[in-house]
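Quick notes on the structure that follows.
By written order: A, B, C and D. Residues from 1 in each chain.
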Amino acid sequence: TAGSAAAPLQAAAPAVSAGDPSPPWMHAPGRPFTVYGQPSKHEQQVIRRISGNRLLPGNGVSLTPLEELEGIITPTGLHFERHHNGVPDIDPAQHRLLIHGRVKRALSFCVDDLLRYPMRSQLLVLECGGNSNAGWHPEPIQRPVGSFHGLVSCSEWTGVPLSVLLDEAGIEPRTTWAVAEGADAFAMNVSLPVAKLMDDAIVALYQNGERLRPEHGYPLRLIVPGWEGVLNVKWLRRLQLSEQPLMARNETAKYTELLPDGKARMFTFVMEAKSLITSPSHGQHLRGPDVYAISGLAWSGRGRIRRVEVSADGGRSWADATLQDPVLPRCMTRFRAAWKWDGRPTVLKSRATDETGDVQPERSALVAQRGTNGYFHYNAIVSWAVDEEGNVRHVYA
Amino acid sequence: TAGSAAAPLQAAAPAVSAGDPSPPWMHAPGRPFTVYGQPSKHEQQVIRRISGNRLLPGNGVSLTPLEELEGIITPTGLHFERHHNGVPDIDPAQHRLLIHGRVKRALSFCVDDLLRYPMRSQLLVLECGGNSNAGWHPEPIQRPVGSFHGLVSCSEWTGVPLSVLLDEAGIEPRTTWAVAEGADAFAMNVSLPVAKLMDDAIVALYQNGERLRPEHGYPLRLIVPGWEGVLNVKWLRRLQLSEQPLMARNETAKYTELLPDGKARMFTFVMEAKSLITSPSHGQHLRGPDVYAISGLAWSGRGRIRRVEVSADGGRSWADATLQDPVLPRCMTRFRAAWKWDGRPTVLKSRATDETGDVQPERSALVAQRGTNGYFHYNAIVSWAVDEEGNVRHVYA
Amino acid sequence: AEALQAPRLGRPVDAQEVARWDLSVFPDGRGLPAGRGNAAEGAILFRQHCAACHGAGGRGASAEELAGGTEPLTSPTPDKTIGLYWPYATTVFDFVRRAKPMTAPGTLSADEVYALTAYLLYANGLLGETDEMDARTLPRLRMPNRDGFTGIDATLPPR
Amino acid sequence: AEALQAPRLGRPVDAQEVARWDLSVFPDGRGLPAGRGNAAEGAILFRQHCAACHGAGGRGASAEELAGGTEPLTSPTPDKTIGLYWPYATTVFDFVRRAKPMTAPGTLSADEVYALTAYLLYANGLLGETDEMDARTLPRLRMPNRDGFTGIDATLPPR
């Protein structure tokens, strides 16, 4: 082992008795300390799945393997990514945040100065508006839950309340919008209502305790709790206050939902109530009739999850799942339920209700309302069929 | 960049105007996606500090750099380590947990089977009983807060409630203790009251969402909420129910606190109320008179933090700090306060009170009660002196 | 918004410096630079910088189609091209200037961006081949789907 | 404790298998294996396996001192050696068998562990050089600091 290689003394020849069941790693020093830990080599399959552009490898997504995880925190290394033109390698000493437009004083902030401001921390879900969009397909996609719904993750974000910086700049009257822009090779830009920014947005500097990682916006990103991923602009360099939205490409051509009547929904910011069972889930196998521990995730951009119901008969009957404490607003809630499987084919579902009373819809209801060309904001109930052999797969039911 | 190296197309020659302040990373594709993320190379100094044994590099500790972190979650890669003989590289397929002794049926559990059990998740502080023990020294140690108090970290732990497994084995009457043992090269063992194990202990399989990492007990560790680190046995292989404690070396020779009268405290399990200011803290520098954002951590093994007071005049007057939501039992609580520094020398302190009314003691009171040879369970108030140049250093005051 | 005591560390920035940082182009034309271009010029630039990904004439390749859409928005398989879907022509300028070409974004001159914008509008049948695009003409171009959107979590600006 | 519905997947294990897994030695001697050893034998083994870290006679080196303590527990600089601090002699056996030597833990035979235990007790002045240690004699040895502890979060077992 690394430990004994580094140890200056020689190991004695082992003299373990034949019946001793103790494994070899109890009989030789283990490896020494590390300055920054990594997952076990036995968990190397637990990775983000990358889906990128052939000619432009920094354009695409990588998804969180939800089926491999438990609890509510997403390890930062597995937090989903969505980049349009790769991850910039930003020198924090050269980075600035400019606040300008309809403000009394245009101001520029360097990162070291922002680190001196009062901060706020919040455990929050971040979900891409395009998450789960395979759900709009006519046939149920046959992929693990993370490769289908994995554009959602949950972290503790810490940073400066944006209201503090906006107050310092001094917002002019009749200022309703702000345009946020990133310092990446896409110069990602979107428009946001100032009311939201003043209410609860933060300029995040830390994720899960440590400084942001490059792919999540190092050194600065905007966090708008409960609102879709694209609005949480990474590598934030500029905030321009304005009386009008910009009508940027990413709020017109994309991140709008075309309805069957040809009209499109614009400024759909809130990620609505959603849940899914991560275990058992697509691709998993039940060994036979027994008690199974159903475990899943629920969240809502509107606030707290109030209730998650689980059905083990394809939606005919529902029972309340147990919500794991703490149940926090706009944060992941882990739900659990015991399920006694009798060995017969059936369909498992979960249904979330949030504190505003918003209920996760059945797919048929969502499609009836939105058609199948909306692309974004798919939050329908997820159904897993279990066959008599115990194989679990995604179905529309 | 890595992104453009991988991109099959050539970048056009940049033609940015002289006045353009946009940095180079806005003009070339960034790097592509990664399957498992890592911190920014600009944060390479944010590491665990290792303090090991010269001849035996796997014997020692590595400390969490608390002064570099914000919020309450410790990134798993920076979670402190305490190993006595290195980190075993355990093949999970070969690992078993044996429950035996005063039970109706001795039972052996493999990891895959444990993954099928109902689980519980909890955000919890884990603190080594020996954390902060430089506080017993006659002179205040001159080190960053993490190198002094960094044997404490906070994670979300998920695993099987131990009560479920003990119920399956069936505890015999008059069983008050259990001996827990690890599968490392130290075969670490300690005795724990069964009442605690039945109450809230878990056999943890996941930390911060993903499977445990090797240095934190992969594939299994015991978690006893609020109790000192050594009891949270890593690489858990055996639980032996008994009517007596084992009087293992790590609960007699070590992890006992010698008092001035020659008697020693034994079975000091609970980590008591504690707090410290992480910013400003030892080694940091204040640029001049201004408003400073005081930020710190408070926790108690007895339950929730009820209150944290901050003093900016060496303890003559105290003001309540703001506790960051959520305030969870036996979990880190981040506290914050604004402080207007007038440029004159002073001393900063923080004082935690938990929901049981336990108040963090001044160092003089703790030393009066325990002497200076206790070694473990140092939870006194921490004092940072600020001099007229804005330099911050550790003092006893 | 809470009243937090905070240092005031923002550095004041004058209008000239702001202008150098500002990449935004609004629907009313605010933010458009001096310069000009037409589709004929843009066609050449498009072949040079864009067609490798977007295909000849912007008909789509490894990257999405930019022109040539035929299926209306009410079709089961709608084409959401610039001509059929985008509400504002200024968006094309804003986006191309900041993000294009993907291999060297933000490197085109103002004239080049006007020309490419003109070309994309021309390829979508919204402009003649030699119609000039500049800070005056571009915001005036009313896009076919200008009124095709409904604001959900925020109201749309008045028309 | 909550009543959770759970599968029952534990595999029953018989007494023989348990015995092979069990490394515990309790103060009453429960868990001690057959075998024997004395300090004279242990001294040789100690020089061979232990002195490199713990120093000659266990006086301390890169690893802590095991014997030779002089300062009482009430001193400002107490010596917490086996003889002065440890409450039970069985703890020495339990610990040496499972963890020693650090370079190859768990590889000593029962006789060797008895001999090393005898040696450490001898070096601490608690035993003669040829006193035999085995499953019967070791638990009977009453350590000087046997009553030196107070239970805080759990009570000590009755004396």
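Worth pointing out:
Keep this in mind: contacts are C-beta pairs under 8 Å (C-beta built on N, C-alpha and C of every residue); 3 or more make two chains touch, one makes a residue touch a chain.
Since this is a predicted model, take the numbers as computed values, not measurements.
Taking each chain's centre as the mean of its C-alpha atoms, subunit B lies 29 Å from subunit D. Here the CA centre of subunit C is 77 Å from the CA centre of subunit D. Annotation: 25 Å between the Cα-based centres of subunit A and subunit B.
Counting partner chains per residue, subunit C shows two or more touched chains at residues 4-7, 17, 21, 52-53, 102-103, 105-106. Within subunit A, the positions touching two or more other chains are listed as 7, 9, 22, 26-29, 55-56, 85, 116-118, 185, 187, 292-293, 338. Taken chain by chain, the contacts fit none of the simple shapes, being neither an open path, a ring, a star, nor a full set of pairwise contacts. Chain pairs that touch one another, listed by label: A-B, A-C, A-D, B-C, B-D. Subunit C makes touch with subunit B in their complex at residues 4-7, 17, 20-21, 49, 52-53, 101-109.
In the complex of the two chains, the subunit B residues touching subunit A come out as 1, 3, 6-9, 22-23, 25-43, 46-50, 52, 55-58, 60-62, 68-79, 81, 83, 85-92, 94-95, 116-123, 155-158, 183-185, 187, 205-206, 208-216, 218-219, 292-293, 295, 324-326, 328, 334, 336, 338.
Partner subunit A is touched in their complex by these residues of subunit C: 1-2, 4-15, 17-18, 21-28, 52-53, 62-63, 72-74, 76, 78, 80, 82, 85-88, 90-92, 94-95, 98-99, 102-103, 105-106, 148-154, 156-157. Here subunit A touches subunit D in the complex through residues 4, 7, 9-16, 19-22, 26-29, 290-293, 338, 340, going by the rule given at the top. Contact residues of subunit A toward subunit C in the complex are 53-56, 59, 84-85, 98-100, 105-110, 113-114, 116-118, 161, 163-165, 167-169, 179, 181, 185-187, 189, 193, 198-199, 237-238, 240, 242, 244-249, 252-253, 256, 258, 260-270, 372-373.
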